[in-house]
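Two complexes are shown next, each including chain A; its partner changes from chain B in the first to chain C in the second.
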Partner chain A sequence: MNHGDTLLQVKDLKTHILGRDGLRVTKAVDGVSFDLKRGETLGIIGESGSGKTMTALSIMRILPEAARVISGEILFNGENLLKKGDAEMRRLRGEQMSMILQDPMVSLDPLFTVGSQLAEPLKVHRRLSGAPLANRMTELMSAVSIPSPETRLKQYPHQMSGGMLQRIVGAIAISCDPQLLIADEPTTALDPTVQAQFLDLLETLRDSKHLSVIVVTHDFGVAARLCDRVMVMYAGRVVEMGPIREIFDHPRHPYTKALLASIPDATELGARRLRSIEGSPPDLAMLPPGCPFAPRCPSVLERCHREYPGEFRIASEHVASCWQVSAQ
Partner chain B sequence: MLRYFFSRLRLAVITILGVSLIVFVTSRMSGDVTLLLLPQDASEADIKAMQHELGLDAPYYVQYYKFLRNVADGDFGESLRYREPAFSLIMSRLPATLELAFSAFILSTIVGLLMGIVSARMRSSWIDYFSRIFSITAQSMPSFWVGIMLILVFAVELHWLPTSGAQGVEYLVLPVVTLALVPIASTLRITRSAMLQTLDADYVKFLRVKGLREQFIVWKHALRNALVPVIAISGLTLGFLIGGTVIVESVFAWPGLGNLMVESIFTRDYPVIQAGVLVTSIFLIFLNLAVDLLFGVIDPRVRFG
Partner chain C sequence: MTQYLLEADNLVKHFPVGRGGGFRQTNRPMIKAVDGVSFKLEAGTSLGLVGESGCGKTTTARLLLRLYDVTAGSIRFGGEEVQNATGKPLRAYRNQVQAVFQDPYSSLNPRMRVRDIVAEPLVAQGQMGRKELRDWVNELLSVVGLDANAAHRFPHEFSGGQRQRIAIARGLALRPRLVILDEPVSALDVSIRAQILNLLQDLQDKFNLSYVLIAHDLDVVAHMCDVIAVMYLGKIVEMGTADSISRAPAHPYTQALFSARLPARPDGRAARIKLSGEIPSPLNPPPGCHFHTRCPHVMARCRSAQPPLTTLPDGRIAACHLLGPA
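Take a look at the complex of A and B:
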């Protein structure tokens, strides 16, 4: 079935985390909406605790026990994932949508061989066994450029480096040719030299397998490298969204500006101190009524403390939620 | 692997020697056996003669040296009370004790694992609260009291099971339950916390990403990971169980090694005490070695050396 150009559509998603007493509610994701076109790569950028990983886990429907999707819709190929039963969801996961986690060193079960863990989704979703299974596994290992795949498949995770493990995690994630791949901070736990290699690999896989990708990251460098569009999140909300060049060249939201200004520049190393954003992210269980960024915002207006700004369209694909933008 | 085995073997020999020395000295320090063997009105000369006959008048180090030499020849001496070789006496009682200890071990492993898994999967449910209260209660009750209470309820009042003795399977139930209670509780607690930790791990999240069934994730991946700490304590559990038989066998008049040991301590039957302690300690040392080697089978990260 073809549902036009759009693979994934998230509408007003709210994911809240309930405290143990049932009273404290943390609004981890608070009304997030976005689209993902086929073959497109979208970056979700923000600090830790901005709700970017929670958004990803909500889409995969593998939220931790305390977290609930309170409202919203997640349309995947036109079907609402939030209305699907567990069994249906399980058939989609690993088969049509997949995910790469942050730390490859803990993404695989230490007690089982890499091969047995690569075989699992192929057995479950593709019902492969025997020679076809072995062939497919070797093929996948080559696709993520692992040398001597037959030997590696028989080894355990602790016998491999982080970079190699992340490539194997990648191989497992794409083993059933999914349409959607979510990469949650895929390079954060890797060495800088290995990071570049893995980003190359991700790019190659995306282009050769026609994947639609969501990259969750706090690193504008990673986003610039891979993404067509980025979505900047703060305190569980989307504050700015637009094509990557637009965001880089003409950021409109003060938070985006601050994030871009905090990227260390190698050319002026030592020339100035690292710039950081004053203050700290708000407590998501006790959000102020207005804009959550207001307390840290350098160009705050009186209105910002009272009312949450709506979404203002700057260009056809560029939107930002800020009273400053509306004033201009 | 082989080097590891031999270094453990060397350590085992040292441990056994240490155990033998401690048992040898303490049993002799507990009192003079000749006073129990001779009539009350025996003369000083009679006592001296008896001590000489049994070789007890020699200094400890001479006696100990003789004991070790005899043990090396497979001779643990003769029981002072039964006038029978101590070793064969021990061996005739050992099977009954092992039957008790291993039944309790199997029971505690199965029940503890199951309760721990269910408790972790249904965290904060009434089953979980019950398991936690059970494990605290079970670990704080002394086994002699538990044994007597079980006899009172199931044998005296309800007549479901026999009070004591060993004439069939039904005689095994109460002593095994008494003995297994504490290890059930400890296995339960370790399984529960290991399981909770495992189910929270990133690799479990990734298994869910792959679209695997929750039952498969729990019983294949999480359980195997949770088994690692359970196996780690199983050597200790076995030691506890074999030591615990001393009390339980007394309560249930079980004709095992524990009962024989208590009896031998009261009658200062040195050769039997020595043989009993040595045999059980050798047994436990090798069980622990087997447990450690089992680690390598279940966890590929374990390297021996």
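Take a look at the complex of A and C:
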């Protein structure tokens, strides 16, 4: 089955979180659309509450109980994941699509050896056992550069460092040669040198296994290091999307511009003050009618408070949702 | 001669771990969390402590706050030795040294109103009348950029950035001269970080504050600090002006640490120095230079002799056999 260049297509995804009283509705993801090509790495950049993680969880169909996909389509190899039954999703997850979470101490079970946790997807999806299973596990451990795998496989998570555990999580994620890998803040819990090592590893795995990758991050640096394209989210919507260099060199949405300008850069010392963004992100249950960034936007127009801007195409692959952009 | 506000001389903190060592505990295994750290800080300036987890930067901060007792070494504040102070002198010292921590969700008591949180250090000190206290709290709130009506509200009503402002207001309540900032922005949203960093710099100018800043984000430290000290396994391996350290790191560890920084731009991918292996346990640091097990330039001498901190031509100090006198 081949569906051309596109592995994943998300169309107008809306994921809302219902409050316990059923009245308060948090629009965590509110009309998100994007494509992911085979072998491509897409970064989803946003602050907490921007909907970036909810988008990822919606694709994997592992949303928390209170969250529902209200509308939209998620086409994976042309098939709508939202129409799949639980059993079929279980078959896909871990085999064709897998995920790396932020904190390996949380994503690994402290009561089982890392070996048994690495073996699980191989037993379930590939029905491996005995020598072939052992060989595959050793092969995976060396793919993520963990020395003396035989000893390590018998150890428990608490016996290893965070960087090593995250590499184990990486090994589990690629164990069944998935087509799609989603990494949600994969290096936020790691030290800088270990973070750099892990990003190197992700890059190597992606290139050697021809993976399509979605990296969810709040850090433009991670995106700059790894991604071909980025999608910037704010308050549940995509505000700007484009090739990584375009976004860095010619950001068009005021939010993207302001974020990039507010990051301290050690190579440009001497600038005493940082350009800050005033205010704070909005409450997603009480969004204003117009553009959610309008209250904080330095170049706000009167129209912004009334109507949400549509998507405006700047270049073939570069789009932004902003009235300013449309006016130019 | 420069009068320093803070002088740490050969600070040592060892923590006993596990069992063993016999009845007298003379040979109990020790974690050498801080192992001979010295630095000086002028009033109104900032020192950044950087290094990976376990390097001893937070322990150093806690020694300065007198939350831990030193195993050895001295802390002089305004010329007075304070490392063993008790009673009144200790209280006087603590009034002048305050802290702002990483997570404003856990550092503020959810059951207290903002005015009580900010006023608590003043109430504890007990030298202000009610009217005077209320006026000062209101002034503090406005200094950190919060509305006066914030005083009557509870922490949960505020966002992360606003909570960090409350924590900063509390830190300033006693008019300290030194504030220890332990990862003050890493728990905050990206769009909020610049606000708080700018606020900290404004307050530094306004009150002539000194900062000891701990952060894993090297760009933040280079932006905020005059001097950077790089720590590895309980020791300072390099210390110098923020400019010299971030532009031209001299010690191989500093070079590796700064080269691991994420690129500021997609094409800004600098040649990275890859470190092999993991940070050794501080329980059993390797002999010689602690960094020799991971150093790309390791020599025979590094495995046996610990390099002393030596002053380089540009005034910075570094501990490496490559840089010392041949």
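By our rule, the second predicted complex is superposed on the first by the 321 of 328 C-alpha atoms of A that agree within 3 Å, B and C clash if a C-alpha of one lies under 4 Å from a C-alpha of the other, contacts with A are read in each partner's own complex, and residues count from 1 in each chain.
The definition used in the following text is that a residue touches a chain if its C-beta (ideal position, glycine included) is under 8 Å from a C-beta of that chain, and two chains touch if they have at least 3 such contacts.
If you're wondering where the values come from, they're calculated on a predicted model, not measured in any experiment.
Q: In the superposed model built on chain A, check whether chain B and chain C fit or clash.
A: Result for chain B and chain C: fit.
Q: Quick check on the superposed pair: does A:280 touch chain B, chain C, both, or neither? Answer first, second, both or neither.
A: second
Q: Based on the superposed arrangement, let me know which partner A:125 touches: chain B (first), chain C (second), both, or neither?
A: first
Q: Comparing chain C with chain B, which touches more residues belonging to chain A?
A: When the residues of chain A touched by each partner are counted, C comes out ahead.
Q: May I ask you to decide whether A:316 touches chain B, chain C, both, or neither, giving the answer as first, second, both or neither?
A: After superposition on chain A, A:316 lies in contact with neither partner.
Q: With the two structures laid over each other on chain A, which partner does A:107 touch: chain B (first), chain C (second), both, or neither?
A: First partner only.
Q: Anyone got the angle at chain A's C-alpha centre between chain B and chain C, nearest 10 degrees?
A: Seen from the centre of chain A, the opening angle is 70 degrees.
Q: Looking at the overlay, does A:218 come into contact with chain B only (first), chain C only (second), both, or neither?
A: second
Q: Rounded to the nearest angstrom, what is the minimum C-alpha distance from chain B to chain C in the superposition?
A: Result, nearest C-alpha distance in the overlay: 7 Å.
Q: Shared contact residues on chain A for chain B and chain C?
A: Comparing the two interfaces on chain A, one with chain B and one with chain C, no residues are shared.
Q: Residue numbers of chain C touching chain A in their complex, please.
A: 52-53, 159-162, 189-195, 197-198, 201, 216-220, 222-224, 242-243, 246-247, 256-269, 272, 274-275, 278-279
Q: Mind pulling up the chain A residues that touch chain C in the complex?
A: My answer: residues 47-48, 161, 163-164, 191-197, 200, 218-219, 221-222, 224-225, 244-245, 248, 255, 258-259, 262-267, 269, 271-278, 280-281, 296.
Q: For chain B, which residues are in contact with chain A within the complex?
A: Going through chain B, the ones touching chain A are 201-203, 205-213, 221, 224-225, 228, 298-301.
Q: Provide the residue numbers of chain A that touch chain B in the complex, in ascending order.
A: Residues 60, 62, 90-95, 98-99, 101-103, 106-112, 120-121, 124-125, 156, 158, 169, 172-173.
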